[in-house]
Amino acid sequence: MEAFLPIGILFLFAVMLCAGIYVLTNLLGPRIFQKNKLSTYECGVQNPLFETNARLPFKFRFYLVAVIFLLFDVEGAFFLPWALVYRESLQLGANLLIAMLVFSVFIILGLIYVFQNNYLNVD
Amino acid sequence: MMEFLLLSMILIPLLGSILNGLLLRSGSPARTGTLASTAAGLSFLAALLLCWNYLSTGQIVNVNFEWLRVGGLNLAWGFRFDAITVLMSLVVTGIGTLIHIFSIGYMDEEPTPYRFFAYLNLFLSAMLILVTGANLPVMFVGWEGVGLCSYLLIGYWYEDIKKADAGMKAFVINRIGDAGFLIGIFMLFQIFGTVDFESMKLIVDGSGSLNVRWLQFAAFFLFVGAMGKSAQIPLFTWLPDAMAGPTPVSALIHAATMVTAGVYLVARMGFLFRVSPDVSHFVATIGCATALFAASIATAQRDIKKILAYSTVSQLGFMFVALGVGAYSVALFHVMTHAFFKALLFLAAGTIIHGLHGEQDVCKMGGLRKHFPVTFITTSIAVAAICGLPPLSGFFSKDAIVFAALTGPYGGPYLWAGLSLASLLTAFYMSRFYFLVFFGEYRGNAHPHEGGWAMKLPLMDLAIGSAVVGFLGMPHGLHVLPNYLDQLLVPTVPGWEEAHAFLTEIQSMVVAVAVALTGIAIAAFFYLPNPARSDKAAPKLLAIDTILKNKYWVDELYEVVFVVPFRFLSGVAARIIDPRVIDAAVLFPSRLARAGGTLLTFIQSGSSQFYLWIMLTGGLLVLWQALKGLIV
Amino acid sequence: MIPASVQILHWSHYVAACLFALGMFGFLIRKNAIVVLMCIELMLNAVNLILVEVSMRSGHPEGLIFVIFIITVAAAEAAVGLGIILNLYRAKGTVNIDAFRELQG
Amino acid sequence: MDLTELSIVSIKTLLIYVAFIQVVPVMIWVERKGAALIQDRPGPNRVGPFGVFQPIADALKFLFKEDPVPKEVNRLLYNLGPFLILLPSSLIIAAIPVGDRVELFGRDILLQVADIDVALLFFLSISSLGVYGILFGGWASNNKYSLLGAMRSSSQVISYEIPIALSAANAVMFYGTFSLRQMVMQQEGVLLGFLPNWGIWFQPIGFLVLFVALFAETNRLPFDLPESEAELVGGYHTEYGSMKFAAFFMAEYINLATASALLVTLFFGGWHVPWLSDSWLLLKLGSQNVVALVQVAMFLAKISVLLCIFVWVRWTVPRFRFDQLMHLAWGNLIPLGLANIIVTAILLYFFEGR
Amino acid sequence: MREVFFMIFSIFTVLAALGVVVSRHAIFSAFSLVLAFFGLAILYLLWGTSFVSMLQILIYTGAIVVLFVFVVMLLDLKKEETLDSAKTGPLVMAGLSVWFFSLLILRALNRATYFKSTNVEAASDIKSISTLLFSKYLWGFEILSVFLLALIVSACVLARAEYMERKADQ
């Protein structure tokens, strides 16, 4: 647990840096606010439609990417502890290898399913 | 052999009615009529043989079948042929057969005659069951059968609503009487433990220690039954309306047989009435009142059948007076004689109405002696008989009753006076009828014609019968012929010894004849010279015409006293009690359930968080209890 | 309300209890389906915390294995839950829980 | 933890942190010079000799520029955006083993911020936090383009996290430990006579996957589609002015540095001088501190080589289309990483299994 | 020293959790959720399980909450009024009862015997956990893989990409 103390300290320094940046820009930067500066940048195209609701109608694909990432991330995370103990376990026989092979078979099945229905062709 | 005869006597008419009514159903009156008449004739023949056997051997024929064995009651289908049954069965079957023959002619235009004849035969067998019944329940079966047939026959032309109502009225009023009769039977069974005539007779004659008060009650209720059936004061209104039925029916049922059932009942139970003085007094007074009352109404009636109906009621009153005073044999004698001449009168009326194509109003007739010669002759004999002129049967039986009223065990001068007045009125209205119908010019507009021989023959037989029958029961005083009837009936029916009175028998006879002649004279004075204006004259003088015409408003009285309140009560029940009380009681739980239900819908609010909240609190409570012991 | 002898009880007990309470509280109060799911995650984490604390203090590492499994299940729950919410949103155009009231008597 | 130790540690972390921050201006200069070299133009040479002070000029420019905050912006998240990226990238530095150890003030100080036994896992976790900065920044600035840009870049970043995890798992399998320091320890000396004992020879594919994935992770050119000027007007940081905008770039360059540091520690022997073992060095140079100095210099040299490669790749390789980019991640890198793990597992079994 | 950190980060986590429940807009609750999980990770560190805390950050904060933020961004939610006062009464009570209930449970656990051991930081490092995971709970691990496959299929079907796509474009 002690090893994580420096990380805390580093975190503090990082926070100080960010606060510094924030404070400096506010202090030093000039404050000349004009109307068009305050409106969101639409590269010159004045389009009332965008004024009101800037939130984009949802692109469902992005949600799908996130879900699939979540599930594969979990599966990936399982590889880590496995990798750790794999090398010693070899002395005791190949059962961990087989276990992982089965595990990766299912992951591959998942991948194939995802690709077959091209859920991920994010345009 | 004799048992078979007894059973066949009863069952042949039943067979006839079944054949006619259910199987053959032929349209022509001749064929069904002859079948029905032969059935009646055979039954009459059986009755004759049985009577001959009884008269010759004195053997009382008894037939018993197993009927009911419940608790203490041991009922049997008992049929018995003793003295009284001799008389009654001869009257029933004899007159029945004659009327069957008569109605063949009467029913010639009817579309469904087989129905009429089936009912008639059924009536005959029911009456015979009643008459030959050995115990009260069997008698009651007959009693009900007769009531049913009277209802069916009165309402024979059921298309006409008035006739159907008349039938209904008769049946309902009879039922009231029957209720009293039933209560009487129950009380008798309670007292004697048996309902068989013989055993009851033995108990009453034998032991003296009977509780008279209960006997009186039983007797009274039996008399109520008799009143219903024989149309006495409170329950007589159905008889005049019963004239709605075809005339032969009136003749057979409402003159000769059924109405006398009540008399037969009291006579059969004579040993009981003998012992209960108060009831006898009551019977006598009711009889006298009915006689007077009906006679007075008859004087003002214009419908020929209504006159005869009220005369029947009054004559029944005479018979009940005889029963009331204790002269049971005299009453039965009058039943026989009255059966003959009243049936004759009705059949004559039938021919007249048939001839005039349904015309029943006396004032529209007149001078019919030319058109109906046979009917004229036979009707004159019958009128003479009913008025009580000496040689004919009516004189002997009616005078015997009048004399018995004077000298009977429970008789008295007031009864005698009442009866004399009644016989005066009887003479008056019968002769009024006689003069209006047969004398003066014909006032109607139909052209009268007399029926065929099938209709005339019974008239002649009955005429002969009503003339001759009187000699059977000659009163002792005349010493001409022995009183065969008393000798026949006295052993089975309690006799009586004359009490000394201010008039001897002969003197009472002389007074009776005088009364009859005065009655006829008054009628002749009013109606003979000018029948046309006749009706307006006589009773109007006495200003009671309207009262008599409207029958003392008795029907309206009943209407007001019974029908209106009953209708009001049922209305109230329907409008108020039923919805408010009964429906409310039934619907209340359902309304309660619905209310409860809506209360619960609050729980089903649909918001899942609410459901969770409920689960949470519930779970917490359970856990709290579970962990209570463990931690706190 | 709680008797004094709780020295064994540790800060993280209270944290776990608070987390669970807040999770349940939010779960029952909030009308937005997504926040409800977040509150469920909170509750699961409260359980994780208890498991970690108990397994560390008792020296049996099985608790940690449990935690790993719970984390996967939580991931599953989030994925499917959000999928369902998306369908509900597409059906009713809103994520407010009160809009979905079909399950009633 | 007494006070002295605490102060030593804090000074050490400060030094290392400042060192990594210095990378940013250097990188700016290298980037510009490199781009110029590739595009055959002189590049910045006005400010100071060879434009060495150009980065400082840029930094000052960013400081003094105005910082316009659009109206309907979600204030809290808008301001937090850039810092949410900067914080994780600076935290990652803690896991990098810069050098071996130094004996100062009688103590043995490790030349790395924190020697935690789950360093690689730490690296993975904290790098996954970087996504929030992009998401919140893009969403908060209430701008259609920035939202779309945020969506795209975050989906790109998360898609490339999985190959990193897989290649990390591969390395862990090979080295048998999560601690980067142990990994570096295992890469000492000479392999097969003529090769420096690096990890790359054992897992070339692992290196390749990690190398490409790290490019995407840092949004470097082939993968900098999300905020590419041509298409999306600047992606998720369009609405940010002055220093906040600069913060994004600082974070990017720090990420770049840590990524290359990770590559170096995992595959290029970390702070080991190639072919020479530490003991030999200690003999030759006498005191451990001098050896540490040499090791740190070697570490920096390796990192700078990689950085130059990054810059070189950025200005030569054309940009990926977004679906190609996703396809690369899900279709190529992940299966490759998986296959790599399976193959190495099987090989290890044959070589070492009984 | 350690107790101090415990206290700080406990309070930090609880406040963050409160933030999740109370915040007006879903984005803020998501953000405070991140902070809460971060605080929890640090708590795990304080208890000594570095592996679990890293896993917590990697999966919970790094993937699940990202998914939440994605969805929140997806449904452009308006600012919603969080706590309608009417409902707070009973539900505050619910919160209290839940807290009390959890304490009850914990007290019950405390009474359990195996708790008596001192807070030894036994085999808690990552290697021992991993070996345990892949020896005793290997089957759990395999079942998990099938479970995850099922999840992928179901998540994709639920998302029904092509249908949503058409729907969104309308």
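Just so it is clear, A, B, C, D and E label the chains in written order, and each chain counts residues from 1 on its own.
Everything below uses one rule, namely that a contact is a pair of C-beta atoms (placed from the backbone, for glycine too) under 8 Å apart; a residue touches a chain by one contact, two chains touch by 3 or more.
Being a predicted model, the structure only gives us computed values, none of them experimental.
The chains touching chain A as well as chain D are E.
Steps from chain A to chain E, minimised over paths through touching chains, total 1. For chain pairs D-E and A-C, the one joined by more C-beta pairs in contact is D-E. Centroid distances from chain A, each centroid being the mean of CA atoms, peak for B.
The most centrally placed chain, judged by C-alpha centroids, is C. With chains reduced to the mean position of their C-alpha atoms, the one farthest from chain C is B. Mean C-alpha position of chain B lies 104 Å from that of chain E.
Measuring from the averaged C-alpha position of chain C to that of chain D gives a distance of 35 Å.
Averaged C-alpha coordinates give centres for chain C and chain E that are 6 Å from one another. Each chain gets a centre from the mean of its Cα atoms; for chain B and chain D, those two points are 130 Å apart.
Contact of a single residue of chain D with at least two other chains is seen at positions 1, 116-117, 121-122, 124, 128, 147, 151, 158, 161, 178. Among the residues of chain B, those touching two or more other chains are numbered 613, 616. Contacts with at least two other chains are made by residues 4, 55, 59-60, 62-63, 66-74, 77, 82, 84, 88, 107, 114 of chain A.
Of all residues in chain A, only 2-7, 9-11, 13-15, 17-18, 21-22, 24-26, 28-33, 37-43, 50, 54-56, 59, 62, 65-66, 68-69, 72-73, 76-77, 79-80, 82-84, 86-88, 90-91, 93-94, 97, 100-101, 104, 107-108, 111, 114-115, 120-123 touch chain D in the complex they form. Put simply, chain A touches chain C in their complex at residues 60, 63, 67, 70-71, 74.
Looking at the complex, you find that chain C touches chain A at residues 71-72, 75, 78-79, 82-83, 86. Contacts from chain C toward chain E in the complex involve residues 1-2, 6, 8-26, 28-32, 34-35, 37-39, 41-42, 45-46, 48-50, 52-54, 56-62, 64-65, 67-69, 71-72, 74-76, 78-80, 82-87, 89-90, 95-96. Those residues of chain A that touch chain E in the complex are listed here as 1, 4, 53, 55, 57-64, 66-75, 77-78, 81-82, 84-85, 88-89, 95-96, 99, 102-103, 106-107, 109-110, 113-114, 117, 119.
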